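Common to both upcoming complexes is chain A, partnered first by chain B, then by chain C.
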Partner chain A sequence: MEKKVAIAGFRIAAAPDLETTRERLVFDLSKGLLDDLGITRDAVDNFVFCSNDFMDGRTISHVFIGPAAGGYMKDQTKVEMDGLNAMIYASMGIISGQYDVTMVVALSLTGSQASPYLYTDYSLDPTYDRQLKLLNELSAAALEARSYLTAGGYPEELLDVVAAQDLKNAAANPGQARRIDGVSRERIKGSPYYYEPLRELHCYPPTDGGCAMLLVSEKKAKELTDKPVWLLGMGRSTDIYYLGDRDLSTSLSAAQAAERAYAMAGIKDPASELDLAEIMSLFAHQEPLLAEAMGLLEKGKAAAAYEAGDTAVEGRMPINPSGGPLGAHPICATGLIRAAEAARQLRGEAGENQVKKAGVALAHGQDGVCAQQSAVVILGT
Partner chain B sequence: MEETKVVTGAWELSTFKFNIEGRGLQLMLKHMKDRKLMGIKCHQCGTVYLPGPFYCRKCHIRIDEPAEVSDHGQVMTFTIGYADVRGNPLDEPRIAPIVKLDGCDSWIMGVMQGCAPEDVHVGMRVKVHWAEETTGSLQDMQYFVPE
Partner chain C sequence: MEEIKDTFLHPVVPLDFQNNYRVGAYLQRYLDGFKEKKILGAKCSQCGRVVVPPRKYCGACNLVMEEFTELPQEGTLENFTVGHVNLEKGQWKRADAPYVIGMVRLDGAANAMLARLNVSPADARAGMKVKAVWKDQVEGEHADLDCFEPA
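Then we have the complex of A and B:
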């Protein structure tokens, strides 16, 4: 895809408890972002929100937060999925030529004010899955983890290795909510089981947070930033809801979404052409599972790649140099944060976690139990 | 026609909690004890909100300038309700006007008494009927009556 849409800037917030309101979080993120760029709401012509009515405790919940983002009397719509879908949707308004400047704001307060358990319970099929009282996001992920480990011939310890890399990166990233100093594989292995084989430190932490991102047309990019990050490709795919109708050892949705994004970006060999990937892996096993599905790691070779340091910040194929969602998962915002963290790398602003050569990056987002839906964007300088 | 089956369900919502903005509402409640209405004014566009938000919804800037609002105003629009908000019939019809208080830009909704449903009209002057004993709660402002 030609360079038509750029990320001009972004703001991220994440903590176990932000001690804020939805309105104030939206105001602080959006106002902060506009201040960073030296502009006001007058420069923005379209607003795309991403939150979840159920977790917001209100229906059509974005109508309350529109003005807090500066959206008074502007176009405002909402995507009720992961935030990477909001980014893709927002970019279409710019590609179509209708808008030049679009603010995307994604958020949830699922650390302090709404339970992620409740949210996932009510996302289940009410006639069978919910009645069983066996399935929730964690138990489903555990079934997926076992399936993946078995198919790949991997030991359970792979989960500790992946989590240790992510949590080490998260500890060095001030934008993360869960930051544990000197985290070790032993400490991770010593954390309690939730659902075997998944332990507490293999799973995302309930998080308050959000992300505001300003997407702009090529014309506006030149005016607003000297470090534009371009959207080069995007793709989405959705699998069947029912776990029994899917292959849980891999992710067809991630594979297809990535394939579509690669085709648009002209990428033929993702493992060699991409410089880093920010993957929405909510549980440790999902990171290598999704990376294999998207062609970033060779199938069956993930354990060796992690042990060899290929996926570390300084490795051949850095994965989640930000620390990924094991550091923070504000539901709805997490995929958008992946894109923002990828952009931070491409701008050379990732501090301790900066990947040396960062020219092209992948960001992945997901929705539904076991990544039923996947969204992928390719970003470049 | 294909057969369907009905199952009942309940949504357990008790684990929700909400942080709310306190300042504008606290300011309003504090002064209601003295039968005064205190809003917040935007220093940029001049809009007076009641209760006052922490930011101007139009200008997208933080605001914190208190502005007293009159307890007199006029009916901007109204409806006569025959059912409550969940659709249950009321014993008596209820007049529900939206009133623009003098010196305030936000319109506020309330119940109107001391007036027959057929006599209420848009533009009608009204005032707040305060509780005998005010305590600094929203109940201090009981209803509107004709001026």
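Then we have the complex of A and C:
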């Protein structure tokens, strides 16, 4: 794909409780980003928001956050899925030639002001699953975890190994909400079960947070930044709704979304051509599961790859060097944050967690029960 | 300036839409079957797959499934989890005792259904044969099919 869309800049915020309002968070993120780039809202010709009406407790919630982002009297639309879908949608507006500068803002206050688990509850079939009251985000993830571990012949301890790597990376990333110093596999294994095999520290923490990203055309990229990060490919896919019809040991949506993104970016061997991946794994098992599905790790060899350090910051295929969603999951923003964290790596600004040679990166986002929907972007310098 | 203390407000007009859902003809047949302690699925005339609960379209063939067929009350526990919490209105609470829920594939069904298992966590095994347990009084409601237990 030609270099037509660039990330000019981004801002991330995440904490268990940001002690702020939705409007203030959106203002701080977007005004901060405009200040970083030395421009005003006059330079922006399109705004794309990603929020959820249930999480915000009001319908058409972006009418309240649009003005806070400086989007009044401008073109505004909202995507109500994961924020990586908002990034893809916003990019299409630039590729089509309609816009040159688009601000994408995604957020939720699901740490302090709304329960994250309701988001999934309200997505379930009201005449079946919501009647039976057995399926919820945590029980579904546990079934997926068991299915993946069984199929790969992996021990339950793989979850502790994955979580330990993520939480170590998260502790070194000031942009994360859950930062635990010196977290050990033993401490993770000692945290209480929700649904077996998933324990508290295998699961994402309820998080307040958001992300603002400025996407620009090639012409504007030259004016606004010395370190443009280019969109090289993108893909999306949606799997079957019914959990009992799906093979939970893998992710068809991630595999197909990645395949489409690789084709667009001209990537033939992702495991060797990609320098790092930021994956929206909300639970420890999803990280190797999604990495295998997207061809980043060999099927059935994930445990060996983690033990050998292949997936660590200094490894052959660094996965979630930012710490990933086990460090923060502000619903709606999490996938967009993956793209921002990948861009941070490509710009060489990831501090302690910087991957040495970072030229091409993958970012993954998901929505729905057990990643029913996946979005993938390939980014490069 | 004096420090302002933040307060949380619950909306005076709460978000409490009362949504009513028609279940549709297929789920209605399924629930009507419960009145006779029968489990009905829908069968695809092209690929022969039977899905339960019944739904109108075969996803694989993109065809309307017109045949309803009764499934056996026995099946296989394909996958399970032991719950240590319960979620209610988005909040989790520790369960009084660990319990088992899992994916049960009825014999002859193409898909699995999530169900409660009347088996102790220590005895639950993927691959074990299980059978349906009904409430004594059936009313044509989801709750009539109480759980599954080892066959």
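Criterion: the second predicted complex is superposed on the first by the 381 of 381 C-alpha atoms of A that agree within 3 Å, B and C clash if a C-alpha of one lies under 4 Å from a C-alpha of the other, contacts with A are read in each partner's own complex, and residues count from 1 in each chain.
Everything that follows uses one rule, which is that a contact is a pair of C-beta atoms (placed from the backbone, for glycine too) under 8 Å apart; a residue touches a chain by one contact, two chains touch by 3 or more.
Note that this is a predicted model, so its numbers are computed, not measured.
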Output check: A:R41 vs chain B and chain C. Expected answer is one of first, second, both, neither. What do you get? first
Does the superposition put A:P126 against chain B (first), chain C (second), both, or neither? both
Partner chain(s) touched by A:Y242 [first = chain B, second = chain C, both, neither]: second
By residue count, which of the two partners contacts chain A more extensively, chain B or chain C? C
According to the stated criteria, A:G57 is in contact with first (chain B), second (chain C), both, or neither; which is it? both
First, second, both or neither for A:E19, with chain B first and chain C second: both
Taking the superposition on A as described, I'd like to know which of chain B and chain C A:N136 touches: first, second, both or neither. second
Note: overlapping chain A surface for chain B and chain C spans 19, 57, 113-115, 118, 126-127
Residues of chain C touching chain A in their complex? 6, 8, 11, 15, 19, 21, 23-24, 27, 51, 53, 59, 79-85, 87, 89-92, 101-103, 105, 110-116, 121, 126, 142
Listed in rising order, the residues of chain B that touch chain A in the complex are 7, 9, 11-13, 15-21, 53-55, 57-62
Per the touch rule, the chain A residues reaching chain C in their complex are 19, 54, 57-58, 113-118, 121, 126-129, 131-132, 134-136, 138-139, 142-143, 146-147, 150, 192-197, 240, 242-245, 248
Spell out the residues on chain A that touch chain B in their complex, using ranges where they run on. 19-21, 23-24, 27, 30-31, 34, 40-41, 57, 67-70, 72, 109, 112-115, 118, 122, 126-127
